[in-house]
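Input: structures, listed below.
One chain, chain A, appears in both complexes that follow, with chain B as partner in the first and chain C in the second.
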Partner chain A sequence: MSEPLKKRVEAAFDEPGCEKNRSKDAKERKKGCSKPLTPGAAAGGCAYDGAKIALQPITDVVHLVHGPLACEGNGWDNRHAASSGPTLFRQGFTTDLTGMDVVMGNGEKRLYRAIKEAIARHSPAAVFVYVTCVTALIGDDVEAVCRHASEKLGTPCIPVNAPGFAGSKNLGNKLAGEALLDHVIGTREPDITTTTDINILGEYNLSGEFWQVRPLFDRLGIRVHTCMAGDARYNDIASSHRVRLNMMVCSTALMNVARKMEERFGIPYFEGSFYGISDTSDALRTMARMLAERGGPADLPERAEILIAAEEARAWARLEPYRAALAGKRVLLYTGGVKSWSIVAALQEIGMVIVSTSVRKSTEEDKDRIRALMGTDAHMVDAIPPREMYAMLKRGDADIMLSGGRTQFVALKAKMPWMDINQERHTAFAGYDGMVSLVHELHRSLSNPVWEDVRRPAPWDAAPADVVQ
Partner chain B sequence: MSKVVHSHKSCAMNPLKTSTPLGAALAYLGVAGAVPLFHGAQGCTSFGVVLSVRHYKEAIPLQTTALDEVTTILGGADNLEQALINVQKRMKPALIGVASTALTETRGEDTIGDLRLILARQPALSETRVVFASTPDYDGALEDGWSRAVSAIIEGVVLPPDHVASLHPQVNVLAGVHQTAADIEALVDIIEAFGLVPVVLPDISGSLDGTVPEQYVATSLGGTSLDDIAHMGRAIHTIAIGEHMRKPADLLHARTGVPSTLFASLIGLEPTDRLITLLSRLSGREAPARIRRQRSQLVDAMLDGHFHFGGKRVAIAGDPDLLFALSIFFAGLGAEIVAAVASTHHSPLLDRIPAERVLVGDLADLEDEAKAADADLLVTNSHGRQAAERLGIPLLRVGFPIFDRLGPAHRATILYRGTRDLIFEVANIVLAGLHAHRPEDFATAVPIIEETAHAGAAPATH
Partner chain C sequence: MPQSADKVLDHASLFREPEYVELLARKRQGEGNPPDVKVQEIADWTKSWDYREKNFARESLVVNPAKACQPLGAVFAAAGFERTMSFVHGSQGCVAYYRSHLSRHFKEPCSAVSSSMTEDAAVFGGLQNMIDGLANTYKLYSPKMIAVSTTCMAEVIGDDLQSFISNAKTKGSVPEDYDVPFAHTPAFVGSHTTGYDNMVKGILEHFWKGKTRVDNGSINIIPGFDGFAVGNNRELKRILDLMGVSYNILSDVSDQFDTPSDGEYRMYDGGTPLDVVKDAVNAKATVSLQEYCSPKTLDYAASFGQETASFHYPLGVGGTDEFLVKISELSGKAIPEALELERGRLVDAIADSQAYLHGKTYAIFGDPDFVYAMARFVLETGGEPRHLLATNGNKAWAEKLETLLASSPFGKEGKVWAGKDLWHLRSLLATEPVDLLIGNSYGKYLERDCGVPLIRLMFPIFDRHHHHRFPVWGYQGGLRVLVTVLDKIFDRLDDDGSQAGVNDISFDLTR
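After this line comes the complex of A and B, so read on.
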């Protein structure tokens, strides 16, 4: 690993904003926060994947992957981050290195030409250049090429140094944050500023779900300067250092950005979530209070309370019709981080039973909240091996599983209802309306007559009496 | 016929290619009880899994040696060994198909040597067959990886001929990566109709065809059995589909002496006729009535369908074999191939594509050429959807990946029936785009006389 990358990885693992990180000694800290991988038993994305996930939603730039084909060829246009304007970010750009480039060391030249071609064709606001394993290994100096290209071509070229072998997806998120901190944030001044400007970090606007909560801010007169990076424009991120407050939604992903923006620009931050009713309320409440303290309108907290009361009442009223159908239904929740508790709260409120919830990616704080909600930690599980998960579902230990796409087929092959609550999904679940959508979808799935039909035995397996004459 | 031109861009925009190792993985998955293993960083596998899951809507048991920065510098042999042992222990596969990636190939790993040492010192692995294909991402595309993995399987599993005649005359089929599960089913049906017993390698119709097993299976489920592969030498003939299967076919021939016939494509009347002639000769039987009827149905579909192909301007992109098969199909029904883009130049067929020129390039090239030539129809994988939207023309989804439509595994496009259905599919796309004609469509026609359009008159209701 090159020296600058090593330093950056170490920096990413030194996180004063993270409690877990602080509790480790210096040596442990260096090892990072992801568990070592087991060859032949690993599942999960690499650091490059994580960096791409964090930055790809920036809509008006070219995301150029410097490496052989697979890194971009197998992965482009695969998520549903929504844009209200430019669609450039959905296109795939790669230097698609050949064996000859690798052997002859043509990588840097090819990269420069690729940047030039992409700019000529699309006039992007910027070009983000992603380092991959092979280009890190052959020692291409992507930072130097980007510096040179920025000067020569007049378009900012941002090196993102997160080759896949550097570590996990989560590390990649952080390295993407470092790239923003080093090269983007604070490089331009905003056209306007108000006393209620905020940024939202770690929000990717998947399936447009941020638009479900944005109207709430509008009604309070809170101005979202930019998300990082859902539906973002380059210019807005470059000028995001003048806001009054940062909110961090995906707890661990961009913590380094939140903390360093506080250090450098004096912008305080808080952690919150838009999944779940009480969480959305808490987020609005904290936001209003902190903005008022920072020179925003003094009546903001009060107006927030009025809005929260009205929205909560409206949401519960809309959930009430589902209570009869869903009360007592058992849910297996297999996801990570904040969603594990914020969704638990809402589902319990309408009478559903949580069979177990995974805490693979949850922080200690997340776990405490689950304990508080469920009264015990008996239902907290780490990873469930697919074979066991299949057996649980086949036995009927749960009525439905909520998880990400990776475990979808374990549930479906057990002929059990399943719902996607991770990033590949097509339905938006954020804010008050999002929780109503989630429960609506749950009901739609559980009440589908198809389950009964597919579980009928085949004619050759059926008892003679069951066979329709 | 055509001139092959290379795109001279340094930046591939909207890649057409899918990676070489993934092609190898898909081939390995056509063997019963197999687990493909990528020798590389975990991302190489993870992207491959996600893409395959989006296409097949199935769990894909793909594993990784999970190289990190230390093993990348020091060498990945230990990781390879651990991965093989872990996969063997956890999943008990019959076959582990190893594929290298750009990372290990750039490092210059001697994977073949490493494997030899590992297998010699690990008795635990003796019950699992381990084969290896060299598939750097920077060399080739999906079909190259598929082809190399099939060669690796033949190399590692097929036994020399034992001169035991099978009870029923056996025919080997070396299926290409562009054959769907439904294609293979159709082919098996037609071979069996002549009283012959097909052994298909790789047989994804048994493993990636979307079924619901009664218990949890960690490896591929179904596919060609190792035993059947071992005895491919007992066949009377081998049928290979697609130019990229030439090398595996030659290898199988060299190893077993079984003669082989390569079909560049099985889409269309003429190639299917040739296959039927061959099967008839091999079996000594006449084509059964059912197949004769299928031929007649195809001829009728060609007659009914040709109206919707004639003069249509079609832009196609794909791996060379798929591109070739579809170009011949469209041109054969009167369409004009106004743009042909190949993912790689690794095929002698590119010269025979019925287009003025074939560009080796990406989907941005396809989009540019389609736009310049005012194409009516785009034909490529699901990644063409953005281009189709920008151009405002329909997209016929073919090949891999197809992630925004259900059932790609169950769509047959070869032989009499598959070709018939493909004609209907295309014709229906054309029909769906037809609009009710209006006077302004006929700018050069005599204008409608004022008096016939009475102001205030009630519109006709018929």
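After this line comes the complex of A and C, so read on.
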């Protein structure tokens, strides 16, 4: 690992905003916050992947991956971050490095030419250049190339130095945040500012779900300057340092951005979630209060309460029809981070029983919230090895599993209804409306007749009485 | 001229050239048509509830029927026996229709002859045509068996096949002991499924009459009239072989309608050997895979003391389960693990895709057994069959299907339409739209007219090639049906998001 990168990784692991990090001694802290990888055991995505997914939703830029083809090829357009305008971010750009480039050391030249061509053809607002394992190992100075290209070509070129081997996906999220802090945030001034400007960090507008929440802000007169990075424009992120408040929704992902924006620009942040009814209300409440404290309209908290009351009542009324069908159904949540608790609250609200929730990517704060919600930490599980998960599901510990696409198949093979709540899903679950969608989807998943077929043994294996004729 | 030898345009593009566009527009002007606005107004009205009521009040006129006539079924059934030539007694034009119908669907030659009756035959009876016809067929095409059916013309004048054939044999058209089974197949009774039943029964009667059954434990299987017969029959045989069942398929067209291009023209290929047909009287049971294609044949088999059972086109999980369990029961053979694995894979595939299948609404038309099977499969996927229509469906069929619908919450809004035609279906689709239409190629007009995507899973499929080569029966076939339905769903999703930057927010790579 190159010196600057090493320093940056160390810096990312020094996180005063994180309690867990603070509770470690200096030596422990140096090891980083992600678990050491176990060679030979199945593992999740790499730092590059983490950086890419955090930034990819910026819509009007070229995301150029400097490396052999597959780093971009495998991850190209695989999340449904919706855009209200530009579609440039959905194109796959890569330098497609070959063996010859590696041997001859042509990487930097190739990168410069690629940047030049991308700008000439697409006139992007900026070019984000992602370092990969190969280009980091052969020592391409991507930062220098980007600096040079920015000067020569007049378009900001942002180096994202998070090669895969640097660490976990979560570290990649943070390194992406560092890239924004170092090269983007604060480089331009906003055209307008208001006393109610906010940024939302760690919101990716998957399946357009943020658009379900945005009208709430509009109704309160709160101006969302930008999300990082859902449906974002480069210029808005570059000028995001003049807002009054940051809201952080995906807790561990961009913590460093929130904290450093507070340090550098005096913008306070709070952590919240749009998953679940009471969580959405809490977020609005906190936001209104903090904005009012920071010079926003004094009646904002009061107006927020009125909106919250109306929206909650509407959401409850819409959820009520499902209560009969879903109350008492047992859910196994296998996700991570903020969803490990925000969805718990939501499901409990309609009477569902949480068998367990995984806390693989959750912070200590996340875990505290789970304890508070569930009354005990008995239901918190760390990563569940597929074999064990299979056994749990097979035993019928739960009626349905909610998880990401990767564990979907474990559930299905164990004859367990399953619903996607991670990034590859196609239904927007954020906000009051999103909760209704989530419950609607849950009901659909649980009532689909295929589960009967899944659980019914082949008729010739069943006891005669079980055979459905 | 828009056409030139340097770059020859085909019909799809040629008539869009400005010269033709202008010419056709002028022609339309000269025809004194009502103004376009008026035409549109009436077209819109034909999609209203008001028109629907008038449409369903129709008593005599049938518009766009979804059925064919008896002799088509008879020709199809006869094609499934070893070196058998179909001889349709009556006028030749009818026979040309059956041949082209089957050829256009299977993309294979289809041989069948007629007794080419003319006006004098109609007046004096068709005996002479039978005598000459059988002699010529025998000489020209050297079949091992000639299966005689009839067109309406012969039926109206009341020609008696049994005596005609016996007369022809006396006159030396064919040897005395030569096999000439027959079936009366008037088009004004029933449909092609009835004709199939009559022909299979006619052939069995020819070989079985007067015999006494000595149970040999085998199982006769009658596949029924089936556009997917090539793939289905092969799949059927694979399944039965896996189980180790001793079986006789009575009418197997899978090779006849799928001959290879290897330099040899096969007028006859495959089919059930005549010796097998003879011996089939000794079977333990006769099983029909399409109940409405074989009521008389099953009764006939039962009269020899055979057990009988019938299914509705064994498709999907439940449909296949039932079939296998019955075969296992009849044969005493266990269902092998290989099939259980296939079952698990089909269930797995449905579960993988359930989010896209759940709650989709369907209109299904076609032959009664197919409509039943398809509705049942749709219910298994969490889809909602809404309009179920068989022009050749009867009241008993409708009741059976209503029972099926009542068995699932997903069937509660389904309606069964026996004896209705595709013009009725148009009114249904226009007034109570659905997500998907399942039927045959004739559904493409409804697809265009009502904007409902058509899935072709029913005979005839003229405008798409080779679908019939892949099975839809059994668990494996269920996968194919599933994929066909899903492809249409996903294609439609993509079409809905086809304009970049306008409506493509859900134009997703991963689904």
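Keep in mind that, in the parts below, the second predicted complex is superposed on the first by the 457 of 469 C-alpha atoms of A that agree within 3 Å, B and C clash if a C-alpha of one lies under 4 Å from a C-alpha of the other, contacts with A are read in each partner's own complex, and residues count from 1 in each chain.
Definition applied: contacts are C-beta pairs under 8 Å (C-beta built on N, C-alpha and C of every residue); 3 or more make two chains touch, one makes a residue touch a chain.
Predicted model only: the values in this text are computed from it and were never measured.
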Room on chain A for both chain B and chain C (clash or fit): clash
First (chain B), second (chain C), both or neither touched by A:Ala458: second
Chain B versus chain C as contact partner of A:Asn78, first or second or both or neither: both
First, second, both or neither for A:Leu171, with chain B first and chain C second: neither
Touching partner for A:Cys133 - first (chain B), second (chain C), both, neither: first
Partner chain in contact with A:Val450 - chain B first, chain C second, else both or neither: second
Which superposed partner A:Thr87 touches (first chain B, second chain C, both, neither): both
Which partner, chain B or chain C, touches more chain A residues: B
First, second, both or neither for A:Lys413, with chain B first and chain C second: both
First, second, both or neither for A:Gly208, with chain B first and chain C second: second
Residues of chain A that lie at the interface with chain B and also at the interface with chain C: 76-78, 87, 408, 413, 454
Residue ranges of chain A touching chain C (in the complex, touch as defined): 76-78, 80, 82-83, 85, 87, 207-208, 408, 412-413, 420, 424, 426, 441, 444-445, 447-451, 453-454, 458-461, 467-469
Parts of chain B lying in touch with chain A, wherever the complex brings them together: 9-15, 17-22, 37, 40-51, 53-54, 57-59, 63-69, 71-73, 79-80, 82-87, 90, 101-103, 106-107, 136-139, 141, 212-213, 215-216, 218, 362, 364, 383, 385-386, 403
Touching residues (chain side chain C, partner chain A) in the complex: 317-318, 321-322, 324-325, 328, 334-335, 340, 343, 347-348, 350-352, 354-355, 358-359, 379-382, 408-410, 500-501, 504-506, 508-511
Touch list for chain A against partner chain B, complex: 1, 36-49, 64, 67-78, 87, 90-99, 101-102, 110-111, 113-115, 117-118, 121, 133-134, 137-138, 164-167, 386-387, 390-391, 405-406, 408-410, 413, 415, 454
